[in-house]
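Two complexes come next, and they have one chain in common, chain A, joined by chain B in the first and chain C in the second.
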Partner chain A sequence: MSEEHHIPPSYSIKRWLFSTNHKDIGSLYIVTSLYFLFVGGALALLVRVQLTVPNNNFIASSAFNQAFTTHGLIMVLWFLSPFAFGFANWIVPLQIGARDLAFPRINALSYWLYLFSGILLLMSSAAGLPDGGWTLYAPLTTLRFTPNLGLSLAAGGLILFIVSITVSSVNFITTILKMRAPGMKLMQMPMFTWTILLTVFMMLYAFPSLLAGTIMLMGDRTLGTMYFGSPQGGSLLWDHLFWFFGHPEVYVVLFPAMGAIGDIIPTFTRRPLYGRKYIIMSFIIVALLSFGVWGHHMFVTGYDPLVAKIFTVTTIAISLPFDIIVIAMIESLVKGKVRLKTPMLFVLGSIALFIVGGITGVFLGSVALDYALRGTYFVVAHFHYVMVGGGVVALFGAFYYWYPKITGKMYDEGLGKAHFVLSVIGFTLLYFPMFMNYEMPRRVVTFTETQWAFTNYLSTIGGFVFGLAQILMLYNFYESSKTGAPAGSNPWNGFTLEWAVPSPPPQNDFDVTPRFSEDGTISLPGLGAFANGGTHTMSTAHAEHGIMESHLSQWPVALAGAAFTLILGILGVTLLPTASFIEGMLYLWILLTGFILGGLGLYGFAKEKFVSFEDEEAEGWPFKHVARVRMGVWVFLASEVILFGTFIGAYIFIRAGTLDWPAINTVFQIQHGAINTFILLTSSFTAVMALVYSKRESKAGVIGSLLLTIFLGLWFLYNKATEWQELFHEGHTFDSGVVMSTYYITTGAHGAHVIGGLAAMTILIGGALKGRHMGEHGSENIHNFGLYWHIVDIIWIFLFPLFYLI
Partner chain B sequence: MVSSTSEIFQPLFDLFVWLGILVGVVVIAIFLIVIFKYRDRGSKTPEPEDTPILGKVPEERGHPRSVVISLALSIVILTFLLNGTFAVIDTLNTPPSGTLNVQVNGFQWGWKFVYPNNYEDTVLRVPKDETVILKIVSNDVAHSFGVLEYKTKMDALPGRTNTIWFIPKDTGEYNIVCFEFCGVGHAYMKTKLIVMDPAEFQDWYSKVKPAEAEHPVQGASRP
Partner chain C sequence: MGVVTYSAIFAILIGSTVFELILIGQPLSQQVLITSIIGLAGVKAVLVALFFQHLKDEPKAISSIVLFGFTAVILLITLSLLSIAALHGV
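Moving on to the complex of A and B:
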């Protein structure tokens, strides 16, 4: 399939299923996320209708709980980030002068995983949507208190979603760090690209904590482990895991919007951004600090007062860099020529709303005020001001800004302005009254207090105004895509590189790669500089020849489908004890299909000859001499370290609260662990041997060492299996308490990584048999696999003493 | 003021609100003025000299001075707020030796109060002007015990005992509400706090009080 270099036309189904081109994937992300916006919005309106008047009986409590929980999950996870990443997909490669992302097929895989994860979430509606709040606070979410299958399906969806986020982050980091146009320094990147870079870093290191937490929750729900049902783990453990992810997540949804603001303001004020350096520095500081403020969500959990004070200080400190950003953005307008077009209106509105959101955030950062405000509508108002006001409103601005680029058509300016005005009015009516309800508890299906009646009434009206305004946007974009005036390549007189290509851009974006010179001048070799005031742009004719990259692959969607089927199968298997024979066979069949599909998908993916864009001269400082895949592997492995760090953190947390932890050599026999440590260490050695042989181009040596490594891996797993079996015989099963919970889940996750390594080696051997993976260049894959394998071994070296020696 | 906690909350909250409004209004006003003043009025507004153009990375501009000034201002304001916060939180964290210890049990969906003499009730009766110390636990999922008018709350978590204290300053009925989502009955997990005249309280308590002496609350504490 990949031999075809031209993407099928836009009415072809094949195009939308198999395209790997960043622009197509971007469009898929935008459309899918908008769908989720309207689902989430409908749920929010249900919530608002129920709360219009006191003592209302519009929907029952259980339906209400499902509505606000699913609303929160969808809006934060399935709408906001994917919406922003629709634009990131479209625009980042254009802004840095790359023709696609580093790994186009992985990019398609991210999208399809995202779609399937959303399907899992929506499928849960058949069994009851999740209803424990988007924070999924334990132990309410354990099987004992929430027995319905819906939550398990949603948790399965969440796991797929996190996998999607992780591979997509690796992709963007590699792209931005390694594929900039020759000469483009990091500091010359446009603001949007900068914030996307920081966003993906935050995602990569925040989501593993949620992934580990969700795996533990699934373990509790399906195997009977006791992470959250026990006093040693319980609510506090979940709070830590969730909010370690949750706070950075707030900036994950905010940063892309602020980056778009940073590009839109200079375009519409006709002046460079004020204090760009300081803004970038502030973003970096926020990204780092974001991992050190999560405790402000736990002020009234009764933890140590000193810790609470520290989190108060870090939280209030994090408002300082935002202060710099906002002030600099306002100063950017001074002495400019501020053109109040729709994108700019949304951006300015967003800044104003964000100011309110930021100021009220300082309230919530104060532990003393939090005793009163925690769990009230003040919080609901605050986070909507930040996420909807600061995030969504600016992204709508970005939508208007890039719409002409994406479609080649101009939207209707009048309708756009009407959309803006209605949105701001609706927003304010909707959320401002919630600040005044700073006493009213959130997540309540109804209330009796008459002093909250008027404000709630206003909120509901505002909700409908806001919701209807968004339909105006859809209408505008739909109509304009057919009847809009042609936009031309640079309708706004923009200065970043996406405006240098035609609208919509040709399949390969840039025919010639732009070059950055020391003084910041950009030129197109062979086509001259953008000489006279930046009017020289590329023509479609130029861009259509010399296409050599692949843009189609059927394997990403197949692999994502396999992952989806596997999750369904696994969930089905956990129902086996109570299922009828027919149902049981069905579940097993689904599981088997998932495995087969996954195997075929991996095989096809690995075997496919896919040519992706590679420019030898691309700017990759400071990683210029690191191969692209190697870079991706490094970044990915760092997130694996966080994943296991979270499992180990949970272990330490639980162990600190468990007085009767079994003595050494009672439950866990040292010799089991010691033998396995020895085996894995040896296998690291044989993996290195494979690399040495491949550099020497010895096919037999490579295959021999890999087979030896596989053998050692299998031996390790065999030992593990016998050990588990013995433990089971002694009555130490999954559900025998916190000690066994941490043991089975942590070493089980590690074992799964060993299995993953075995699969990778099998594929490598297949290639080696055909004579691939040899020589200095060909050894790259073996080297990358080796890195993975060493990390898996090193993780074991941490797990061994934790369970067997102390 | 109805209680010691609302007494210390209100001035701090007011400080935040007024400073917040001040900062918000000033910043947004400047913002709007700037937008209005520099709006594009066609040929009346000259094209700035440093207009970013396609094909050239825009020049860096901006002076550290403005960053330093706005940072300094913010730090002054935030230090103010931090100081206030720390003073209040220290008070909240150091209960005076209490005269009345009550254990609060949250469950799906209601509250149970256990007095020192093991008397149990579903409403909380306390005497005015005396320190009340609550030991809060949960029997099942996470809840949060809060007295609406008292502006204080504390999570009720399974397997842990959390403490808050207050001194009621006025007699009357107040609303006890659950502030952490805990399932379908969450919205209805309400009861009353009844603050009584000390003499009346003693009278009531002696009637429900068994003969034996007071003994400390037994919380389900962390192992």
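Moving on to the complex of A and C:
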């Protein structure tokens, strides 16, 4: 018996609020991201209308600044990646033969956090949208220069968004590396899944530096810390933190689109992708190198020439693997029998546009050219050719490609082709003239020079054509979902596994387990598909009906709502000094509601019996023997390394520029740090003893060890609070300078992690009281908690000497 | 791993923390002091990771995921520091 009858129908609100099924979550991502596409697009059209003619005053400069800033933020963060991850949610489990993601409820939580983060961003319109550029350059974004609440709301939204991205990355990495169909080797994964895997790794490592930077910015804006308002930190510190995230983000946006291209080309050329192995290697090299090129965004900051040389070399180097990828794709086209269906047309358009975007990017990797072109419409044209041409256009192709699989209906081919033609015409009219405006400064509300008049006029016409073309796409998809011809399971004769299941697929995706043989052949009883280079055969795999997998949970949306409420409450509390009594009470009530909702959400989430399917035979090299949750925790800890590494990096950066750093035992008393170090080290020992007792099935031992660990954690927090109180009493407050800024924010973030550990232990004790977490298998939860608790200890091991001993 | 191993690691962690506290009272140059203390912190962190987090029993691929994060952070810190080296006359 399948679970389908437990799932409410698609018109039920309950289904869309509580579903954890990857396909439902994928649909939610696609619809929400398309909403943001049209919001971001509308803002872009405002900008274009203003720039249609010289000396225009259609909108005021403040509105213009808000429009282009929010357009950038929405398109890069709230549209592009979530749009791609709508398809990733839908398609990746199908491509690897999994029945869902590794952690379905976490997947739902990712979506709801994303939605609430977007609501926070849009709420900022009531108090003034961000207006300093999508790069949020500090100190422009500090309270001194941007005093409105809007930016704080947007920064709060950004924090929620990054949390969503992080948990989503953990989920996809665990899924792809541990839940592949039996026999499916990494190199046999379809290109889309490969690029999603690399994308989530880049997300995992890139976003924490932005999270740390945004927390520092929020500290500056709400507590009065001075990371970015001081000469020691300032703009250069923000630039490093932002672009360390920002450059990999380009590939985060681009990779899923190129992966989709990699799957669409073999289908529509009827031959395997040329040089597939080398394309995968090139993607891996780009992903690795992406963390070493961020400095080319900072050539004009005047930093050390040696560093500029390093970043020039790495920037030029990263273009080489892209050459291999693009040439291999073109070679596949040349050697194949091309079918010009709509998905393929978008792929061809995307490759052509990406070549232009890529080549113009190489120009900007040169210091000399970058000095000349920096901050001009040449740069605007370049990155739109990459991100819209290379990214969005290909993802539209992916939408047409997988639309029959998602809906079970065929779209209107004629309208699809009209959409393509209008998109390319609109795109070219919109962006190509910007290359010719290579002397025109971007982010300026109007211009007087008549030589830029015609090109800007063309751009505005192109903007409207491009925008209207997207309405045609929506109309096509909406109408086709009602009146389209039935698609069948494999309308394109595709080679990858998603085409072997019905369209749309059943709730559990596969009633039988697909199997891969050495040559890439996929076997399914009664159904057939073949992988690149494989031969078409059937297998004797047995049917596996009766998969009992839950699909509904109310806790993800509750937890995301709690996080949203908490951020509103925290921002409200920072306004207390200037608030009326009623306002103050309201803010405190919102905060309290957030805490209560969060507590209930965590309790409900932990208590809920949620069964997700696990296949003992799943291919999981090289993590076959690592349990799924443990793998997820380790991946999450990697992001924690970057998060706290960034806080520590900011400390070192600031300390390097601070001549009068306080001598030891003057501001920070060694005894406070030392006592807390002994406490945390002891708590690590008691935590590991809980594991020992768990394996020995000693309930009293587990509960005793965990209670002792909680006591030590509370003692640590008490000491920390006492120390903070003393420092405040001595006049060392949040706004006392950069030294105290680094101290309060870094140790504050660490303290928040200690509190998180205490909450986890409370839940574990609840389970232990009921006899859970015992024995070799049951101890896994204690082990996984220990991984987290020990990283909190490791972080303190470094914070202790940095703040107290040197 | 058994209680004896965990206890031994715990003793080393406590002992090395005491050693850190002794070191700061010694007439050492700032460079030697910083190197020694950060080095000791690194050793303590590795011990916790290997034995308390049982990283030594996990596949190398798990260590690689964490180590890549660590390497990326080192790169961020090194290049950002190099970028201001000229400003501070280093």
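Following the convention adopted for this analysis, the second predicted complex is superposed on the first by the 779 of 806 C-alpha atoms of A that agree within 3 Å, B and C clash if a C-alpha of one lies under 4 Å from a C-alpha of the other, contacts with A are read in each partner's own complex, and residues count from 1 in each chain.
As a convention for this text, a residue touches a chain if its C-beta (ideal position, glycine included) is under 8 Å from a C-beta of that chain, and two chains touch if they have at least 3 such contacts.
Because the structure is a prediction, the values reported are computed rather than measured.
Clash-free side-by-side placement of chain B and chain C is the outcome of superposition onto chain A.
By the document's definition of touching, both partners, chain B and chain C, reach A:Gly657. Within the superposed three-chain model, A:Gly488 lies out of touch with both chain B and chain C [touch as defined at top]. After overlaying the two complexes on the shared chain, residue contacts for A:Leu236 are found with chain B and with chain C alike.
In the overlay built on the shared chain, the residue A:Ser366 is in contact with chain B alone; chain C does not reach it. In the superposed model, A:Gly414 lies in contact with neither chain B nor chain C. Among chain B and chain C, the chain that touches a larger number of residues in chain A is B.
Touch criterion not met for A:Gly775: it reaches neither chain B nor chain C. Within the superposed three-chain model, A:Pro147 lies out of touch with both chain B and chain C [touch as defined at top].
Look at A:Thr521: by the touch rule set out above, it reaches chain B but stays clear of chain C.
Chain B and chain C never share a C-alpha pair closer than 7 Å once the two structures are laid over each other. Residue overlap on chain A between the chain B contacts of one complex and the chain C contacts of the other covers 236, 301, 305, 657.
Touching chain A in their complex are the following residues of chain B: 5, 8-9, 12-13, 16, 20, 23-24, 27-28, 30-31, 34-35, 38-40, 45-48, 50-64, 66-67, 70-71, 74-75, 78, 81-82, 84-86, 88-89, 92-93, 108, 136, 140-142, 144, 146, 148, 151-155, 157-163, 177-187, 222-223. Against chain A, in their complex, chain C makes its touches with residues 2-3, 6-7, 10, 13-14, 17, 20-21, 24, 30, 33-34, 37-38, 40-41, 44-45, 48-49, 52-54, 58-62, 65-66, 68-70, 72-77, 79-88. Per the touch definition, chain A reaches chain B in the complex via residues 61-62, 65, 132-133, 137-140, 145, 188, 230-232, 234-236, 266-267, 269-278, 300-302, 305, 308-309, 312-313, 316, 319-320, 323-324, 326-328, 330-331, 333-340, 348, 351-352, 355-356, 359-360, 362-363, 366-369, 371-372, 374-376, 439, 441-447, 490, 493-497, 499-500, 516, 520-523, 529-531, 533-537, 657-659. Those residues of chain A whose C-beta lies close enough to touch chain C in the complex are 204-205, 209, 236-237, 240, 244, 291-292, 295, 298, 301, 303-307, 310-311, 622-623, 625-626, 631, 634-635, 637-639, 641-642, 645-646, 648-649, 652-653, 656-657, 664, 670, 674, 677-678, 681-682, 684-685, 687-689, 692, 783, 786-787, 790-791, 793-794, 797-798, 800-801, 805-806.
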